[in-house]
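Two complexes, one shared chain (chain A), two partners (chain B, chain C).
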Partner chain A sequence: MSSPGPLSLLAACLLPVLGAFAVDSARVGLWGVGVELVALGWLARDPRRSVKLLAFGILAAISIFVSTYLYGGRHLDESAAAALRIVYIVLPAALLTPVIQPAELGDHLAQRLHLPSRPVVAAVVALQRIESIGEQWRQVQQARRARGLGPDNGVVRRFTGLASTAFAVLVVSMRHTASTAVAMDARGFAAATQRTWAGPAPWGWSDSIVLGLGIGLSLFPWFLFPWFF
Partner chain B sequence: MNSTRITSPLLRPHGSPARWRTIELLTAAIIGVVFGVAYWGYSSTYTALPGLKALTGPFVGLVNGPWLIAGVISGLVIRRVGAAFFAEVLAAVVSTQLGTEWGWTTVISGVVQGAGAELAFAIFLFRRFTWPVAALSGALAAVGGFCYEWFTWLPGFDLEYKLGYLGAFVISGALVAGIGGWVLTAALARTGAIDALPAGQEAARHNAV
Partner chain C sequence: MLTQVSLSIPAGQRVLLAGPSGAGKSTLLRAMAGLLLTADQGDFSGQVLLDGDDVAETPGRVGLLQQDPLAGVVAETVGRDVAFGLENLSVQRDEIWRRVAGVLAATAFPYPSGHPTAALSGGETQRLALAGSLVLGAEVLLLDEPTSMLDVSSAQVVRDAVRRETVHRGTTLVVVEHHLGPWLDFADRLVVLGRGGRIVADGRPDEVLRRERTTLASEGVWVPGLPAPEPNRIDEGVVEPWPLEPFTSTGVRLGNTGGAAIVTASGIQVRRQAHLTGGRGTQIIALDDVDAALHRGRTLGVTGASGSGKSTLIAVLAGLLEPNSGDVMCAEHLGPLRRRRREPRPWKWRSAELAARLAWVPQMAESGVVSSTVFDEVMATSRAVGRGEGSDVARTHRRADAILETLGLSHLRDASPYHLSGGEQRRLMVAAALVHGPHGLLLDEPTVGQDRATWAAVVGCIASAQSAGAAAGLASHDLEAVTALDADPLRLEHGRIG
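Coming up: the complex of A and B.
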């Protein structure tokens, strides 16, 4: 069986959000998260990154637990449900995001979903520059440090440091963008009527199965859970 | 357009607000990606402070403004239909790829916030790009974000908390994303990096006189 494409994986990341609305007690939440882990766990490819991504969600769940408990009338079960609602939403993303490749996603969005091709290509071009933007980011921060402007301690200084780094990176990237645009238009990007793409965008059996799992997870807390238990 | 036919795509005059040039598409995308990285940097800081978030109550909305800035800046710089929406959604996709505490729902936030930011420019028919419009754009982006969070992150809270949170979010959106975005756009125009784009051209005309 071929591995599923980015569209079905994306759907499996997003559909459980609909199910999360129905997580109204700790019991439903715990069952939901367990079912989710079994349903989507086999698709994960990069366990280390998944754990890292999940850590963000766990921290958020703890924080929402505390704040719902303090500001929502001190109901333990309701607060636990709020926390598990977050885990139910974040877990699919943590498992599947490392599997989704931006360039491949662009190919599929344009060819299969027929999103407007020029914005999709522009987005993919920009996404492919994440690496070089990250490198520029590091260089700007090193330069700031060398000039005695960092490291940024404290919330305010951290924020202003972030803003001025973003500004510097933005200026460099914009200059680069102008020449990219001329190069693309020289190859007829603006006026092309027929376009070719980097790769094909097939929809296989595995995609249907993953989509089905996503739909199942969106329904589980609403219908399947009350029906089974 | 008939008397002076300018062929370079970089120098073509503004034209219809719905017709995008290549450089505008790429610039909107780059704004999205750069701020996606910045959002991610900001969200790592934000996630590292769960205790602070829990204790500040609805005022936590005050720190949400920075997440709305990509849409405002893109709308101000590019001045096309969909510019604010496109950049804000792309920024959300990028920060999701890098990892946030909200998973792919970050993209849903990006869509509703981008739609809010876009609405402000649409109200003025993509003709006015002054600081009050920018502030409105940031504020409406916050309202868009709030409408979505009402169903996802906020159900457990009581109404006063929700309204307080909305107020804080809107203030932060108008000031940080709106006014802040406008200031950043003006600074960007001064560097000459966006001379090929409407906001840069306007600044150049001002300086020439």
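Coming up: the complex of A and C.
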């Protein structure tokens, strides 16, 4: 079986959001997250990035749990449900977004969903730029360290250092964006109202299965869970 | 920037455009592509016509390769990046991949089309950008220093590819270059843009070269047959290494240890992971089992093809990268004090400690900018390591003024570093690395984009710092610079000592 394309993966990221509204107890939430893990876990390809993304989600969930518990009348079950609702939304995105390639997503959005090609190209290049911001951050940090402006003397220096690195990366990115716009136009993008796509956009069995799983996860907390138990 | 420039180029002509650093060559090229208003600020008057139509109204017929190749990367893999222009021209998929494979073969690109663009070196990215321009088969092709980051043999491969892909199509070609020699037998016309943005010479290359030889040399053009200029040395007092605090108080002077190694790398390996989405990726061994040392009063000249690991080695010696295995150690007396002992590993040093000892000129000059004016830029490190205050201010200012003057940047003192030309930005990074008086000077391609005069200034500054007692490490494909500095050669091949 071929691996699923970006559209079904994107759908499987977004659909569970609908299901999250029905997570009203810790029991539903725990079952839901468990089912999600089984249903989508086999699709993950980049465990390190998934764990990183999930960590952000869990941080958010913990803060929701604490604040709901403290200010919402100290109901353990209700607070846990609120936290698990977040995890139910974040988990599919953490598992699947690292699998989606910007170029493939562009191919599918334009050829299968027939979205207008110029915004799609712009979005794909922007996604690709986000990847390169990490590299730019590293370069700017290296340069600042070599110049004696690195963030390593005390908490305050560290914080201001972080801020100025971020600012420098912002400036470099914006300058790059202008050059990138020139480079894209110089390669015919300015005139391209119609364009072709170097990659195909097939929809296979695996896509239908992943889409089905996404729909299932959007329904599970509403109907399937009450039906099973 | 440019004043009263009028040029008429017949179809199929191959034009070489030369002139001093900062004369406006890149600006003229962007204007010719009809893309001046996309990225530049300022006023533009006049017009650019292609077959009688405003060039801005006929996009796609003019291809432009920009000076900074990194900004031109639009895709995650080599193949998709080259394919970008063909997609815009609505070429069918089979044909796209046929032509992508064709141009990658024609430019002898060393990697398959699935290779991540993030894993390419500076020179390789430049070759990728060229492939992406050539593949379009545009009527007019504008190339801004297309071989500036390439070693001699890669540059030859690239020039041959340009020739093969353009001659049979009758492509009109404009190439901006400092070094005219290798392009001469291929060009029909030589246009020289002088300081102040005016055309000072125009005609058949051999005639212009015969008639205007001295004008060209004085405008900084690398006239073929003329030997490299003498390095323009600067007063050694303004580039000598600044004594480190603990030694002046204990009386240990650095001047006593002539010729000694100040940084030694032994058996180092550096691995890098280039990621693609979906967990796919390539592990690259950038350096493997490399020994190198920086000696006081000497220059280490690191050469090798693009992608051979030159930049990585320079970054390791500059204390910016921790090697995956092997040791990088500084001389005993140079390490900063940690409790009772000295820390010998530069990558462990704090930023200010590192900056006081070793300086680095990055290959991508723009990412090194830390200030909003040229003067603040060259003062930044002195201020950060505490040499910009009290009694040191006058001395630091004197050094800054002299170095800016020599490198031809005095008139830009209050300008924003981002508004400088590519060559000026690179000289600014060299100035910023010298003013605070580091003991080791690591430079990554410092002579790219320099005309004869500015080249002599850059090499002269390095030579003077070296005779004043600094150790230099230079990664470059510019063999004339390596020779002029009488450097100890170290040639890398695929991350190993060749």
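Here, the second predicted complex is superposed on the first by the 165 of 229 C-alpha atoms of A that agree within 3 Å, B and C clash if a C-alpha of one lies under 4 Å from a C-alpha of the other, contacts with A are read in each partner's own complex, and residues count from 1 in each chain.
To be clear about the criterion, a residue touches a chain if its C-beta (ideal position, glycine included) is under 8 Å from a C-beta of that chain, and two chains touch if they have at least 3 such contacts.
Just so you know, these numbers come straight off a predicted model, no measurement behind them.
Novice: Scan A:Arg145 for contacts with chain B and chain C and give back first, second, both or neither.
Specialist: In the superposition, A:Arg145 touches chain C alone.
Novice: Going by the contact rule set out at the top, does A:Ala122 touch chain B (first), chain C (second), both, or neither?
Specialist: A:Ala122 contacts chain B only, not chain C.
Novice: Touch check for A:Ala60: first (chain B), second (chain C), both, or neither?
Specialist: In the superposition, A:Ala60 contacts chain B only.
Novice: May I ask you to decide whether A:Leu76 touches chain B, chain C, both, or neither, giving the answer as first, second, both or neither?
Specialist: Neither: A:Leu76 stays clear of chain B and chain C.
Novice: Applying the touch criterion given at the start, work out whether A:Glu131 contacts chain B, chain C, both or neither, answering first, second, both or neither.
Specialist: So A:Glu131 only meets chain C here.
Novice: Looking at A:Val51, would you say it contacts chain B, chain C, both, or neither? Reply first, second, both or neither.
Specialist: neither
Novice: Could you look at A:Gly188 and tell me whether it touches chain B, chain C, both or neither (first, second, both, neither)?
Specialist: Touch status of A:Gly188: second partner only.
Novice: Considering only the touch criterion stated at the top, classify A:Thr68 as touching first (chain B), second (chain C), both, or neither.
Specialist: first
Novice: In the superposed arrangement, does A:Leu113 touch chain B (first), chain C (second), both or neither?
Specialist: Neither chain B nor chain C is touched by A:Leu113.
Novice: Just which bits of chain A does chain B share with chain C as contact spots?
Specialist: On chain A, the residues that contact chain B in one structure and chain C in the other are 49, 100, 102, 125, 171, 175, 178, 180-182, 184-185, 189-190.
Novice: For the complex, which residues does chain B have touching chain A?
Specialist: 9-10, 20-23, 25-35, 37-38, 41-43, 45, 47-48, 50-51, 53-55, 57-58, 60, 66, 82, 86, 90, 93-94, 96-97, 99-105, 107-108, 151-153, 155-158, 161, 180, 184, 187-188, 191, 193-194, 196
Novice: Mind pulling up the chain A residues that touch chain C in the complex?
Specialist: Counting only chain A, the residues touching chain C are 45-49, 98-103, 124-125, 128, 131-132, 135-136, 139-140, 142-153, 164, 168, 171-172, 175-176, 178-192, 194-200.
Novice: Mind listing the chain A positions that touch chain B in their complex?
Specialist: 10, 13-14, 17, 20-21, 49, 52-53, 56-57, 59-60, 62-64, 66-68, 70-73, 78-79, 81-82, 85-86, 89-94, 97, 100, 102, 118-119, 122-123, 125-127, 129-130, 133-134, 137, 155, 158-159, 162-163, 165-167, 169-171, 173-175, 177-178, 180-182, 184-185, 189-190
Novice: Of all residues in chain C, which touch chain A in the complex?
Specialist: Contacts found on chain C: 30, 33, 35, 38-39, 58-60, 62-66, 68, 70-77, 79-80, 83-93, 96-97, 100, 118, 129, 132-133, 136, 275-280, 315, 318-320, 350-352, 354-356, 358-360, 362, 364, 366-370, 380-381, 384-385, 418, 432, 436.
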